[in-house]
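Since the structure comes first, as structure tokens, the remarks are kept for the end.
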Amino acid sequence: MKTVGLFPNLLKKNSARVANVIINWFQEKNYRVLLPDNAIKALDNTSSRLENGEIFDKIDIAVTLGGDGTLLNLARQLAPYEVPILGINMGHMGFLTEIELPDLYRDLELFVENKYFIDTRMMLEAQVVREKHILEKFITLNDAVVTKGPFARLIRLKVFSNGAYIDTYPSDGLIISTPTGSTAYSLSAGGPIINPDMELLLLTPICPHTLRSRSIVLSKDDIIKIQVIAEHPDTMLTVDGQQGYRLLPGDEVIVKKSDYRTRLIRIKKRSFYDVLRKKLTEVNFKE
Amino acid sequence: MKTVGLFPNLLKKNSARVANVIINWFQEKNYRVLLPDNAIKALDNTSSRLENGEIFDKIDIAVTLGGDGTLLNLARQLAPYEVPILGINMGHMGFLTEIELPDLYRDLELFVENKYFIDTRMMLEAQVVREKHILEKFITLNDAVVTKGPFARLIRLKVFSNGAYIDTYPSDGLIISTPTGSTAYSLSAGGPIINPDMELLLLTPICPHTLRSRSIVLSKDDIIKIQVIAEHPDTMLTVDGQQGYRLLPGDEVIVKKSDYRTRLIRIKKRSFYDVLRKKLTEVNFKE
Amino acid sequence: MKTVGLFPNLLKKNSARVANVIINWFQEKNYRVLLPDNAIKALDNTSSRLENGEIFDKIDIAVTLGGDGTLLNLARQLAPYEVPILGINMGHMGFLTEIELPDLYRDLELFVENKYFIDTRMMLEAQVVREKHILEKFITLNDAVVTKGPFARLIRLKVFSNGAYIDTYPSDGLIISTPTGSTAYSLSAGGPIINPDMELLLLTPICPHTLRSRSIVLSKDDIIKIQVIAEHPDTMLTVDGQQGYRLLPGDEVIVKKSDYRTRLIRIKKRSFYDVLRKKLTEVNFKE
Amino acid sequence: MKTVGLFPNLLKKNSARVANVIINWFQEKNYRVLLPDNAIKALDNTSSRLENGEIFDKIDIAVTLGGDGTLLNLARQLAPYEVPILGINMGHMGFLTEIELPDLYRDLELFVENKYFIDTRMMLEAQVVREKHILEKFITLNDAVVTKGPFARLIRLKVFSNGAYIDTYPSDGLIISTPTGSTAYSLSAGGPIINPDMELLLLTPICPHTLRSRSIVLSKDDIIKIQVIAEHPDTMLTVDGQQGYRLLPGDEVIVKKSDYRTRLIRIKKRSFYDVLRKKLTEVNFKE
């Protein structure tokens, strides 16, 4: 019997109702359904209580209910488990989620009939290094972003690729993104769009105070080092716009391709460009 | 007898030494020299102790010793007093400072011979309005900037001009700048360059999440209203990148032309474009 | 009896039919209607045959039937006659045209009841100077554009404002636009949006080979001089994207505010920003 | 005995003199030196007269004397022969040329001692297809560019990748570039910088009339098809900015990775980023 982990974004309207529908649907198809602790409470569900971390190695697929942000958040946590993710969308069309609610039953049916394929996405690993010690490691699907704090007038980010000096960016910050992340924060900062099937690193400065700064595309094998030159201790490393870590002057952030990948379940042969054209004319392409 | 206020940036190397040279020079020319409290201490000067605010209505001209930031900081405080400012530069060439150290004596001599003109610059007034009450007013020479805090994922700024709706910017923030400020933060965010002799308002979004956002140039008589739509109480209003004020969701920032102007003393008929070409090829155009 | 000049774009589908409707409508209101020569033929109209130039000083208002391009084309010719223009739109929503076809009768009615106002737009004058002789003068509502020909590898445009050197642009070309023209070609080339009520000059380089090039906003009183430094004799001056003039290496183009203005008849108090938001999300903002 | 082909750009000042120096130097090292026909005449050289095409399959290495443009021009012609190219620079520092004149003897010495490595660069193949027939094929090292002619008001380029529709660009044109070409025309048009060691395709629209257009990075294996939708028969395909081909409305341009590569001889372990920082602060980064 296959096991599904269901991860609803309980802040989304109707998500509890739709979650119960999905639980029933999978159970009728003889799937076991596991829920994270917070969802069990919210849904009045009687499943055995499990922490997120306990669920991850018990499930064969993960289903998210919410938007791209919900999926992004799970993808980071799930990365080491190699579990494919099926995103059910409850808001604006997304780059990552796959099933729109009106197609819910039809698409789930196709899924259980194995009529799907896996869309594998490169991830990043970001390490915080202080005085030669790795203090923290993050896995990220979209981007690792170093930004100045609100009270800093100036931050300088000195950037190296495989030890070779690239440049020093006096700026509001710097984005290192995957192809998947190229349509997120990097796009707001003026970066190019990368076909998400590719594997490469994209470096985009945020409001650089030097006109010679442009986005740079680097090899997936390049190891990027960012040295923080700042006066104030309020520089931040932010991962997928969701997790933060406070950096001190002199800290280094090392960003490289992760050994992990996100596996997105795709039911339709949807073209990236079809989604792109639609998203880019939306009032907010990050929703 | 004319009175000079001397405002040195004591963080700049050698500024105390140069300040003493300037004090002596002016005193020999029969000028009275007043110093702010902090400078009196640092320079071991025996002048009568005065707070900044007490100096401002006693002086005929203000002399700054430092960079553009030093002058900017004084210009805001001095705005209501209509006192012209002479900037003596101690770092990279600036847009605002006038005298380079190698030309110090020659240029001061020209100044006391009245061989100078006044370069008048438009300023902005920014008001913070909460529940229809004006909580705070700022005068600014470069810009008034509303930015999201480090923990906010999303901020929306709804902007009006004279009551007419312009647009809602899902973004990292928004810059309202004077022509003088067009070569500061606005330029980093992709804005155009404005000849500083002009009087107009420049609106530049910071990392907008919508491709339809571009800088907009408005009339000097337009009154801009920015409504903060945010979930987190950590939005900031920053004035000339130097003074901050924490905004709450629902707050409004009203920006309009100030009744005050900055008066810059110009000794040389230096072209704005000559300075511009040089600054834009510098590694950091904001220094 | 007031006289209307009707200028239909005969390439637009249905324009002949709509033109006849408008002619009848105005004649019933006791207006005299004059048509340019080419329209008389196309409409099988028996009005007296007049060249464009003969019509202009006989009419009180001009009505265009087509898009912004149709109005733009007439505005240049009509500039010296101070005749206001009423644009009836037959395509995508425009920045210049005023009446949409579904509102035709209602809006024409408001017009003849004098319920309208005049929206005055600054124009430019562009002169071609060769060996100190003015060879040609153009009036333009949107922009004067100097571009390299298809076979030139490199063109350099050396630009001055009131004799002061601005910069030399190695580029594909340079746009000098009015506020009205800021949403046309200049926007494609990365320029800012200018509220069309303003009077100023906007300089935007086209694909500059130097990262220090940005749009520059100048005073309406500035006189811009562009010197063409090129090897091939195929540089072009183009006016409103509609009229061209071949430039030779060494030629100068002088651009300044025209003494003429375009007078647009406005029936609705339509906000520029409402039109802007709509146009910028269109697939092609120049249509 | 090894054979060197020497290709001087005779338009560069002193190139004839330096060419003779290089010929003598190689002959003394027991290399045979071949010259193209035009150079033989210009140098008063008595070598056997050969057309370019005849030289290419007789040489072991090609030496260019001039700038990046000289090398680019040869690289296209030499592509099928797999002959490595050594660029001797006679102007501004280049991205492609290797030896600066002051280091000429030292670097040539290192070369003949085999102290060099080969920097392999991806190239593109661009085909012109009219009514299903391939009319022409080009090999290109920097880019294949489709641009509107000077008299066309509007061109629309409908673009596909492997048959999947990307978008239709109403614009001045479209650049498909290699990583090597990312620092050439594409950079002027707002494109990102690509590390030239990578293999991928970069699509950058030129002055698009739609704000949703951004540079797109695609896989090296993608086959791009551009359909020309235009009214005027003056659209151009330009290859490396050096060779042109007139396109008709309805023509298709197919661009894909070439089977050929350019082999650049590198003597110094020069970092791409070191060159980049220097070039981007130059007044013209394409020189």
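Here the chain labels run A, B, C and D in written order, and each chain numbers its own residues starting at 1.
Note that a residue touches a chain if its C-beta (ideal position, glycine included) is under 8 Å from a C-beta of that chain, and two chains touch if they have at least 3 such contacts.
Note that the coordinates shown come from a computational prediction; the quantities given were computed from them, not determined experimentally.
Interface equivalence for A-B, evaluated over B-C, A-C or C-D, points to C-D, where over half of the contact pairs coincide by residue number.
A count of contacting C-beta pairs for B-D and for A-D identifies A-D as the more extensively joined pair.
Spacing of chain B relative to chain D, judged by their CA centroids, is 47 angstrom.
In this assembly, the C-alpha centroid of chain A lies 38 Å from the C-alpha centroid of chain D. Counting partners per residue, chain A has 211-212, 214, 280-281, 283 as the residues that reach two or more other chains.
By the touch criterion stated above, chain C contacts chain B in their complex at residues 161, 164-167, 179, 182, 187, 191-195, 197-198, 200, 202, 212, 214-219, 222, 271, 273-274, 276-277, 280-281.
Considering their complex, residues 211-212, 214, 281, 283 of chain A touch chain C.
Residue ranges of chain D in contact with chain C, taken from their complex: 69, 147, 149-151, 153-154, 168, 170-172, 185, 187-190, 206-212, 234, 236, 238, 241-242, 244, 280-287.
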